[in-house]
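Please go over the structures that come below.
You will see chain A twice below: alongside chain B first, and alongside chain C after that.
Presenting the complex of A and B:
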């Protein structure tokens, strides 16, 4: 089997010795296993925890390779004799394919293969939940950018030129682009109602009814989709891919290639960010087909424009909400009508709808609920996983509603949330009891409310003052020199996000870890080897695995073996689940090794254990009432945003984002802060900049010139207050942390803009024209 | 067409068959120097930032044909050790795809301004997109690197 011409990832220098905190502190901590007082010999447990364990922030094992240019991302891989693949995509959102003529493309010198649906060796469709996405369009296309043919050639340029020579005769059809109309017509992937009590409008003192809209956001990871397929010579393949979930890829790829899964080896390539964009397949089946056909390694790599068309997006949403509250601002009932646009194919829409429905009210107590949520099927770009996964859209709506109630009653926005905050023992709208907090934490005889706890912490974090004599770069418009302060108004707003952690609704969610402890042949030191399939997408999961091993085994040196399908499934690096799940699996395997190590000397041979870790079982939502304990763990985050708005030009400058988040237990404070910063910035993007604009199903802004993600100038200082209300059921008490800030920062920023402008603002992203039209004088 | 470049201290020759070939493409695809990243090829993301005769440029926007005899410094050759260390220690690296370009921009900034304030840092790095970090730890890292470099100066 050919080896990569360059070093594959993860790097061999993921070895120990890098695990010390930067300041060299924390050399010894709490003993775990306890042969206390014995002289440490090398082959038996010492009972000490070296630095770089759980709770420390050791340096990432792959950090050095990421700062010296050596870390190989999928797009950096190269193999001897490699061809380049390229995808021909449909220019039409909806069309029939009358014929495809590949002759001219094949005739181009240097072109090795041109394949269409007729060449798919196995099943024609794949998908994460439902196999409905065609490998290559068989007779019709249902969105702009749907793959129609793939080409392999000696260079990428040549492959692109050849693709242009493929002659496809389309019969263009009228696309269905309105998600509401699709639902009316019965075109949807899932409908999920939630019913609780009897919402009666007359019972409320205040009724707030509004419609909200969320635009289509893109994950926009910086690393483009890329990979290399290498034929093994015996009909099998090695696929080097940058994916969030190796085993799910394999399950989808193998049937399409008509190969037994054992014939395909998936090896993780370096991942340049993911945020949900690498859940669905992209290059995988295409490059594999080309490699099988040509017998040569085939690399594919999307450019930015293709990347925007080649992965799913966050579902745009239209939501009609009605909240009824009593005189004190306590919720009496909530009605919600939520339409998410799933686009052309299923992807994960089904699960996104489940989240949108079950989290539709947020972390608030309410006895009467009527929620209807749909995931529509249209000819818009397919939508699926993005950080926040179904929680983001409704969060914008329910938080806007909470502010509107506060406004109507003259209440402080924090107070209205405090009055409605769920507490231990209360139920979510799906009937699930909030139970994962320490029951002894009751306050004044009242059950502990995790949300109230977070809200109260803002009391001693002041809103930043308006500095005297500001430089123009600090004002909206910045160096554009659009104002010297005239027309600029300050606003402050809050947002609360509630996110489910791990996979919900009865999914068999698990992860696998193999840990082997042996003596280093040269130094005689014990070394722990960890083998999992968990994707390091940038979140710091590799580092966490080494920390867990140091804490549980008391060894300093930890070596991570490459992530691949030889390990058992780790599940996806999504749903903020990897610390919980693969962290849990590594912990369990280490504990097993530690037990075996007692009374044994490693001189007698290595010790190894493999463990599969599962979280508590969940239940599907009832299809009629939406009731059922569908979630594993709940995580909360609260943001306060401070903005300056130039109300004459509609320019917004986010001045400060302060975040209070409950993480259960901080396993790696530096990485954790990085997750909160990054998640908050993506929420900022949705609030004021990021939207894939479509027109009749066609994407209008597939570039970083036209799809704006926050730069360092758009992103404010972010103050964090990290709260550790442990979840007794989770490993180390942790709560998944990557997603919740993405939910709460968007409504906080929009609330702040409302505060500054007095406008209702029911749509994100907020654009300048939303602020200058209909402005109250 | 044959173009000779000085890349990170080594003299390298590349055979170019397209007049418009970008420096980024030459570095990555012809010379196998993949330290500089390609995230947009449009001059929008800064992942490909290199120093060309000492000035920061997006390598994706520079034609290799214009680089005959010129000096190119990538993440491999442009970045003082303390800048790398600061990024690593401050947690300024997550997925790391933006990192090579950012490091080159930071090296250039600290060369011009050894002790930049937050505003100067933000202005200097405005052309480098990072999707992971929200930039907070990148700003920390620049301050840390500046302090270390200041301590090293006689």
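Presenting the complex of A and C:
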């Protein structure tokens, strides 16, 4: 196997580039130093916990290389003799392929291979849940951007030119782009109802019936899809990929290549953000096919436009909600009709529908429920995993409904939520009992309500005052100089999000960790080596593993081995689960090593243990009633947004986001704050700007010029109140933290804009023309 | 085997050499900051066979005080316009401040904005409002084009083959000026629409410029002709400002696109124009009551 011309992913001892065993060479590299510089321990346990453990915020192992630019992201990989691959994609949302002529492309000097569906060595389809996505379109295309052919050439530019020479004869068909019509026609990936009691309109004092719409958000990771496939010379392959789940990739790739999984080694490449976009395969099978055909390393790297077409998006949604409440604002019933647009292929739509249905009411107590949720199949871009995963869309709807109830009854928005808040022992609409809090904890003789606890903490956090004089950058429109205060009104709003942590609905989710403790030959210090397949997507998971090892083993030096498929599966860096799952696996393996270490001296040889960690078992939702303990863990986040709106121009400036989140246990406070900041900003993006705009199935804004994500001027200071109500079942009591703020910031911001404008605002992102629609010029 | 396709890259050291190279290589595309051209190349909307690098032309990279006007070399980046010309050319400096990000403003040039001639270019409205002139060189000499005659269509201008924009001459502000740009985020955004206004209290004249609301950057002559209470400025009121806004909106010829609707653009222009007029009027008459 050729060595990379450039070392893929520094730091070499931590990253995901090329596999390297925990040999003497690795041990000589600079290990992760604990802050505080403790003196070396000897070969026996000391019982002392060095700095940089769980609860601290040591500097990340990869921090320096990411800051100084030395870190190799997947797009930086380079190998000797490497070819470049490029994908030819369908310009049509729906068409039959009558013929493909590759002769002109192949005739171009420097082109090494042009492959189509006919060249796929194994199975023609793959998928995360259902294998329905063609590797290359086998006779029809079902969305704009669907891969039709792949090219390998000496340069990327040449590969692109060759792709333009591939002559595809399409017979264009009328695309189906309306998700509601698709559901009517029976075109859907999943239908999930939830039934509880008997929702009767007449029983309620106030009835709020509204329709909501959520646009198609994109994960917009800054690192484009990229990887390199390297043939091993014996028919096997090494794939360097930036993915959220190596083993799931392998399971999907191997059958398509017609290779036994053992013939393929997956090595993690540096990941530049994921947010769900790297759950589905992108370059993997294509570059592997090209490498097998040409016998040379093949690199693929999408440009920005291709990235927007080459990964799934967040499901757009249309939701019809009806809430009935009594005169005190307590929920009597909820009816919801939820249509998520899954686009052309299944991806994770089935699981997204399950979340949308089971979380459709939020963290509120209600006895009578009728929810119907669909994931439609259309010719729009495929949708799948994105931070919040089915919880985001319904959260916008149910929180808007809660505000409408409060409005109708003249209640404070916090009070209406407090009155309906679930407490320990209450049931979610899927029948699952809220049980993940200290059972002995009670407030005024009432069962503990985790939501009420969070809501009450806003009492002593004042809304920021309006400053006397403001620079234009502090006002809506920013440097656009659109207002010096003219037309500006302030608004305040709240949002609550409820997110399931880890994989739900009976999925056998687990993670694997191997920990090896040995003495450094030179210094005599014990060094812990950790080997997992868990993806560091920027969340700080590598750092957390070193913290856990320091805490559990009492050693300072921890070396992370490259993440690859030589380790057992870690599951996905998704569903806010990696601290819980791989953190749990590393903890369990460390505990095993620690036990073995008792009464032993490392001079007698290294100690090693591998542990597989599982969370509690869950159940599928009943297909008719939606009942079943489908979730592992529930996490709550509450936002208060303060906005200034230029009501004449419809421009919004979010001036403050205050967030109260229950994280169970803060394992790394700095990383945790980063997760809350980032999740809140992503929810802000959905509230006021982020949308993939499609027209007849065609994406109209596949660029950062027109797909807008928040800049620093759009992102307000955030005040965080981190609450630690431990989950007795979870490692260290933690609750997954990455997703919940993404849910709650969107409805909080929209509620604040409603407060400023008095407009109903039932669609996100809120655009300027939505705020000025009825204003006279 | 080397198969890399290469583009010729010319690096003139003087404007004379540049226009001679341009005459000899009509396929060469001039490039200065590259903030438009290289994006087009990266998106494969453009694949120039040759480029003419303007960054070696020192004479394009400075501005000079011409008494009543400032002559800005076409290679002066936006960051310098913002930092150095805010007092004498306030509308242009304000527009330059809204271009892209700091990195883009360090690279991008006013000459490039004109050469691209996108209706959304931020530099155009202030140039229209102030009556700037564009200086164009070729092997046959230098000509100047009034800004109002420069824009011919979307991304089409009076710039002919073999011609190079060398400078823009902008009259110094004779009174308060405003530039307002509407975008769907608070920074680093292409204009949904924009508006520039220059007030000359002594000449009793208004100059207007409209961006991103028509096939070319536009002026609003009807709005400029609005009868204002020059002799008794205290009689200026919101109704006049609103009427000015209506006339500006009526001059626009916007379309619906992914950045905004035509209706919204007209509405926003009316609001922006009314605000701009109120601001310049108030500033002019607070400073120098007459």
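Simple rule for what comes next: the second predicted complex is superposed on the first by the 744 of 777 C-alpha atoms of A that agree within 3 Å, B and C clash if a C-alpha of one lies under 4 Å from a C-alpha of the other, contacts with A are read in each partner's own complex, and residues count from 1 in each chain.
Convention: a residue touches a chain if its C-beta (ideal position, glycine included) is under 8 Å from a C-beta of that chain, and two chains touch if they have at least 3 such contacts.
What you see is a predicted model, and the numbers here were worked out from it, not measured in a lab.
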Considering only the touch criterion stated at the top, classify A:758 as touching first (chain B), second (chain C), both, or neither.
neither
For A:673, select first, second, both or neither according to whether it touches chain B, chain C, the two together, or no partner.
first
Once the two complexes are aligned on chain A, which partner has more residues of chain A within touching range, chain B or chain C?
B
Who does A:63 touch here: chain B (first), chain C (second), both, or neither?
first
Does the superposition put A:705 against chain B (first), chain C (second), both, or neither?
both
So, A:538: does it touch chain B (first), chain C (second), both, or neither?
first
Have a look at where A:295 lands relative to chain B and chain C in the superposition and call it first, second, both or neither.
neither
Touch check for A:713: first (chain B), second (chain C), both, or neither?
both
For A:160, decide between first (touching chain B), second (touching chain C), both and neither.
second
Report for A:524: first if it touches chain B alone, second if chain C alone, otherwise both or neither.
neither
Which chain A residues contact chain B in one complex and chain C in the other?
157, 303, 473, 479, 703, 705, 710-713
Could you pull out which chain A residues touch chain C in their complex?
109-110, 153-155, 157-158, 160-161, 303, 305, 473, 476-484, 486-487, 648-651, 653, 688-689, 693, 700-701, 703, 705-706, 708, 710-714, 767-769, 772, 775, 777
Under the stated contact criterion, what part of chain B meets chain A in this complex?
18, 28-29, 32-42, 44-45, 47, 74-76, 79, 84, 87-91, 93-100, 103, 118-119, 121-123, 125-139
In the complex, the residues of chain C that touch chain A are 1, 3-5, 39, 42-44, 94, 97-98, 178-190, 192, 194, 245-246, 249, 258-261, 263-264, 266-268, 270-272, 275, 278-279
Seen from chain A, its contact residues with chain B in the complex are 5-6, 22, 57, 59-60, 62-64, 66-73, 75-76, 78, 156-157, 220-224, 271-275, 303-304, 471, 473-474, 479, 537-540, 670-671, 673-674, 677-682, 703-705, 709-713, 715, 717-718
